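Note that the chains are named A, B, C, D, E and F in the order they appear, and that numbering of residues resets to 1 at the start of each chain.
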Amino acid sequence: MKKIEAIIKPFKLDEVKNALTKIGVQGMTVNEVKGFGRQKGHTEVYRGAEYKIDFLPKVRIEMIVTDEMVVKVIETIERAAKTGKIGDGKIFVSPVEEVIRIRTGERGKDAI
Amino acid sequence: MKKIEAIIKPFKLDEVKNALTKIGVQGMTVNEVKGFGRQKGHTEVYRGAEYKIDFLPKVRIEMIVTDEMVVKVIETIERAAKTGKIGDGKIFVSPVEEVIRIRTGERGKDAI
Amino acid sequence: MKKIEAIIKPFKLDEVKNALTKIGVQGMTVNEVKGFGRQKGHTEVYRGAEYKIDFLPKVRIEMIVTDEMVVKVIETIERAAKTGKIGDGKIFVSPVEEVIRIRTGERGKDAI
Amino acid sequence: MKRVFFPLPMLGLLMANAALAAESAPALPKVDTGDTAWLLISSALVMLMTPGLALFYGGMVRSKNVLGTLMQSFMIIALISVQWVIFGYSLSFGPDRWGIIGDLSWFGLSGVGLAPNPDYAGTVPHQAFMIYQAMFAIITPALLMGAIAERMKFKTFVVFTLLWSTLVYDPIAHWVWGTGGWIRKMGGLDFAGGIVVHISSGVSALVAALLVGKRKGFGTEPMALHSLPMTITGAAILWFGWFGFNAGSAIAAGMLSTSAFVVTHIAGAGGALSWAFGEWIYKGKPTTLGAVSGAVAGLATITPASGFVGPMPALFIGLTAGIFCYMAVMGKNKFGYDDSLDVFGIHAIGGTWGALALGLFASKAINAAGNNGLFFGNPSLIAVQALSVVSAWVYSFVVTFILLKILGWTMGLRVSEEEENSGLDLSQHGETGYSF
Amino acid sequence: MKRVFFPLPMLGLLMANAALAAESAPALPKVDTGDTAWLLISSALVMLMTPGLALFYGGMVRSKNVLGTLMQSFMIIALISVQWVIFGYSLSFGPDRWGIIGDLSWFGLSGVGLAPNPDYAGTVPHQAFMIYQAMFAIITPALLMGAIAERMKFKTFVVFTLLWSTLVYDPIAHWVWGTGGWIRKMGGLDFAGGIVVHISSGVSALVAALLVGKRKGFGTEPMALHSLPMTITGAAILWFGWFGFNAGSAIAAGMLSTSAFVVTHIAGAGGALSWAFGEWIYKGKPTTLGAVSGAVAGLATITPASGFVGPMPALFIGLTAGIFCYMAVMGKNKFGYDDSLDVFGIHAIGGTWGALALGLFASKAINAAGNNGLFFGNPSLIAVQALSVVSAWVYSFVVTFILLKILGWTMGLRVSEEEENSGLDLSQHGETGYSF
Amino acid sequence: MKRVFFPLPMLGLLMANAALAAESAPALPKVDTGDTAWLLISSALVMLMTPGLALFYGGMVRSKNVLGTLMQSFMIIALISVQWVIFGYSLSFGPDRWGIIGDLSWFGLSGVGLAPNPDYAGTVPHQAFMIYQAMFAIITPALLMGAIAERMKFKTFVVFTLLWSTLVYDPIAHWVWGTGGWIRKMGGLDFAGGIVVHISSGVSALVAALLVGKRKGFGTEPMALHSLPMTITGAAILWFGWFGFNAGSAIAAGMLSTSAFVVTHIAGAGGALSWAFGEWIYKGKPTTLGAVSGAVAGLATITPASGFVGPMPALFIGLTAGIFCYMAVMGKNKFGYDDSLDVFGIHAIGGTWGALALGLFASKAINAAGNNGLFFGNPSLIAVQALSVVSAWVYSFVVTFILLKILGWTMGLRVSEEEENSGLDLSQHGETGYSF
């Protein structure tokens, strides 16, 4: 099992979620984050004072998937989240050793 | 050392935290997330228009624990967070290579 | 590649970000979290009733860096985030298997 | 007692008007533009208090219950307004039956026209008096709901509100303010509703807190207020509206309304000071919630006395109100019942102390149509006040108790445990308060 | 019709004043303090409605557009106030040309002084009437903007607002309320702006929604309201202000203003009740958004009728308003155009129903300067009302259509897709609403 | 100058009243209901401005300081209300000593009754005038606090506020408005507080910003406003309340109050427009914060002039106010002191420009009890105004400087660095603003 984390543009969340459910992803956990990256922030002006805002609103999706799904999930996210403009975000893949479903106590793949 | 992540129902947070401190867990980091899963969302109606809300409020607990603690921590979370109803959430376990306490510079187990 | 997670005091965020960009870190993702740890919370009093607040506001920084950068990044965070008082926070290092830049489809180091 | 709260010299005039009105209604020229302007704007101010209260309460609940809390106040505005124009006003202010209730001859506002009714207000249209009183009937049950925040079933709430207004508020309003009401005839004084509004709602709130029971997790989980700025905003609106509540109760713009305005402001300030400083001394820090709670306590307490006492007594009343109500709220934390937003501790205690305090400080020099209190040489007033207060306590307690018991058996008072977990917003209204 | 909305017996007096004023201006003693106090506070109340509307709307958009939405209302206050004192007031209320527009002889308020103008208001300074009317001119385009929330280019918005006020609002106000206006002369009644305010903005809103087009993601993505408590607060402020809007339109404090005040409150309550209960029956849950929307519907609907009908007709009008507007809003969801905050469904429908309903329920017993409706024996009024309504619909539709077409070609109506994604706050104003 | 701001023809009457009152107090029939209604509602409006200001400021701080900011305003309401009725009113408006201060003969409001005091207001109860003035005394120190937001020690704040009101506000109020005050006797004009309120607070704010020092992180960390919608709501409440502030200062409902009302609204609109468009041109985008700041600038600037100038001068004053204050605020960014919420840039500059501008535009045609300005043929007024302004600047600067120096040595002005990090809410009040 792997953990796939995707940092995407907020307005892409629905598209990505729909694309993922279509390929059979049944669960994910999402939260709002602020991203710093190549996409430069913007300047906000409050009463003449300029504030450089380096952190931009992004959405982080976290998903545990079986090893077989990894490639498909990545592809799907890439397709759905892409605008081609800087700041589209990243996907990170990392190892997960165990998954447990609290309700049933199921372990491993069954728990996903 | 392992990282244990638990996605639970928000109103269970206090119970889980108390149960964990009782078994000796001394630190954890928590944030609010939105969960998508088997537990189907609900419909909100605004001026007659129905919106399907797929994402439900959940709380995510992240904890680094020593290898010995892993089993106990998982059991404790399972017990405290369980309602038996769909949507109780998941626990994920993944490897951690190093932990550092910023204040002291301690490394490894001492830093937890 | 490694994932470095740092839990720090909120008012240190700008300092840490600036220190990291100085050593060449080009991206990071940040979110607000609540931390429970040795730093004891405080008591809030509402109409005479006392509430023990165990969770304190913290900021979580997540960063994927190349293996070579790990040590430097950790040192930098330690330096910038340290006040020497309890509650300064932690740094966690964990493995990452793949990184993808959504915009270009780049993989691995190039995608960071 | 409202009828006579304008300068006595006008009284003769009013009677004359009344006579005239009887002969050749509508007696157009008798309406005073300044008095009418003041009563209308006061009505608007008191109307605004209920949304103000909604914010005051709404900020104190958890965010999953914010809409449920706001909705209760908003629905009460809608429900009781309709109840009032259909039969509530008639029950409260209509022709007296046995000193305890008005009859239904003003059903659907029949006979409640635009010409002044000198029984209540000789210089403004009768309907202006009616709508002003409507706002009082509205805010009273809205106050009550704070005691059982975050757990009441919406359907039961609707039925309860209608019945409570009809069976508790309307009779007590009649006793105290209606022509022929027994407390009024006995000489019991309540300028702007310490008994009618604050005692009735505060005592009923205690009953409700006891019968509906504690919130799930009360005492074990922190139930942090979700937005103190919302609560503070609500308190500010309440203070603003309270000028209409108290000074408007003079039903005229002049010396009496000015006096009521001034003492209201002073008592609000006094309550805020003493509660905040009390906390500072006792708990180490002055809180904003304490300051605004103290202000509300001071304002509630001066309410019955506001047309009878002068500025320095008002300062004393305000300062003591902050302390007494703070102590009452601390007491709750000892007794362990869940009067969630402290309706009893603030409104029942405040209303009671204010109604008694006017028995000490009232002066005919302020309001010739009132009476002198103990410190102005008349020890009997305080006895009359005490009897009025006790009657309102007992009646509110008993009727609310019976009402809630019956509703508990028939409809159920509380949402299910699962609904309580997910919050009133979602479970009762299918909505979410915020989505930042 | 405003001129004659105070007790008829005063009319002779006013004419006398007028004569006097002509002879020896300024005719100081003619200003009534009570009437002036009432009109000034009413002006302040109506002014407050536009920020209230801003909150009402602001809570309904996504948080990335909250400032853009609030800014529109705030900018309209600034822009139209200046437009109004420079030439808008003159166009609307200045000396009549051909029954369709005022001329520019009151440019820059020249000739609009502090002495009463008996054409419009005999007991208050002319400038008081002028500034009161300014507040109506302000809120009308602000209402309109709800239809095209979250996507309008700010620069175009500024130009559109100025032109729309000048070309749509000012003429219609003149027709209905200006001395010599053709609808007024025909006997068409609109006490406080059902036609002038609600129909003009509501119909134009529909045009705007059609021409500006749907929001990106409309119908496919959830567009959750970012803060219902903000919306509820806004609705409460609107209700509060509406007392000034309707009861202030009597331009005097007395029986007529009282009557308007009372029916306004009742209709608001009725609308809230019927919308919320309608939802409860039809969709299973009463929502807070439904309750406040219903209140606004009831208040908008009673507006044209508020000085002409009694309390029970008002209750009927309020209850039906909640149902009709709810149905209209449901209809929108079927037709699929994106009138984002339902300006058409609430204001055009409400204003229309109110303007027609007064043709049924109006009574000279309430307002001798008004007329009797169908149920009081005069079937002709409803025909006059229908003609007035249709004229306002057609005129608003056509002129707004042409205006937006031209602006679309020249300046562009919408922000770019990318700007829409990042939100109006950042793209149009370089700001962020919240940072908790 | 307040005494004489009602139509001159009434003055004789008032004097008569005064005589009568002396003979047979209380002289009941002399109180005008319309004037009293207007003054009471104006008092309520001005009272509401301080919570409005709290929101205006509260939205501009970081969320960890929101309660600390709101609490300052709220506590000031409580503290200064009590100070005022005990001795502040007597110092400001009581019997004159040497032209510079009132004596203590009105201590505890003794002698301040319900009969009119023709020195200040002949047609309303004396206490109505007193409570109206209380609201001005309250808002002035609340304005000041914006300069040192997010870092003041609460304990010191309490002491400072009481001393500052007593030593700075009360004397200046006496000079300008008290019977016998030297500026008033000299002929210096300040209709509603440009000098008394805005210059005194604005100049003191600069001193406070300099002595208290910059916020930790100022200039290096972004200090994002935590809720612009809160700020905008506050600005709207301020605007609403300002009608009471300026038009209420006529102490009567009539032509003068109408004129003040109208010019207030116009100047607010003008300020909003010019600041927002100034930014648009200069920085590329019009901001909502700019629009509301401009409105406040326009409103503050018209304040001293509001009972003396006509609509078109008001438009000019408003437009220039927006530009001048915007420039002043930009200037701050250059000089680098941390007047956190721009009290100096807006209130000191606005108040000064307004007090001078009335020397240009004042006209006896608007207010016979005022004077003509330069453009109406009287060049001397501007000199008198300049002297009044300079005196208020110097006095405020010096006394506030000494006061803060002493408090700095004895109690300390700032919270500790750690407390500043965790925020005022937690460190000073043990509370948290939000918990969504």
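The rule is simple: a contact is a pair of C-beta atoms (placed from the backbone, for glycine too) under 8 Å apart; a residue touches a chain by one contact, two chains touch by 3 or more.
Please read these numbers as outputs of a predicted model, since none were measured by experiment.
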**Fill in**
Listing by label each chain that touches subunit C and subunit D gives B, F
**Asked** For the homomeric pair subunit D and subunit F, should the interface be classed as same or different, according to whether the shared residue numbers exceed half of all numbers used?
**Response** different
**Asked** Between B-D and B-E, which chain pair is linked by more C-beta pairs in contact?
**Response** B-E
**Fill in**
Between subunit A and subunit E, the Cα-mean centres are separated in Å by 46
**Message:** Report the inter-centroid distance (CA atoms only) between subunit E and subunit F in whole Å.
**Reply:** 33
**Asked** How many angstrom lie between the CA centroids of subunit A and subunit F, rounded to a whole number?
**Response** 52
**Prompt:** Cα centroid separation between subunit B and subunit C, in whole Å?
**Reply:** 18
**Asked** For subunit E, what residues touch not just one other chain but two or more?
**Response** 32-35, 37-38, 41, 222, 224-225, 283, 285, 287, 289, 430-432, 434, 436
**Asked** Residues of subunit B touching 2+ other chains?
**Response** 31, 44-46, 53, 94-95
**Prompt:** Hey, which chains are touching each other here?
**Reply:** A-B, A-C, A-E, A-F, B-C, B-D, B-E, C-D, C-F, D-E, D-F, E-F
**Prompt:** Within the complex, which stretch of subunit A touches subunit F?
**Reply:** 44-49, 51-53
**Prompt:** Where on subunit A does subunit C make contact in their complex?
**Reply:** 2, 6-8, 31-38, 54-55, 58, 60, 74, 77-78, 81-95
**Fill in**
In the complex, the residues of subunit C that touch subunit F are 9, 11, 14, 42-46, 53
**Message:** Help me check something: in the complex, which residues belonging to subunit F touch subunit C?
**Reply:** 217, 220-222, 421, 426, 430-432
**Asked** Which positions of subunit A touch subunit B when the two form their complex?
**Response** 3, 17, 26-31, 64, 94-103, 105, 111
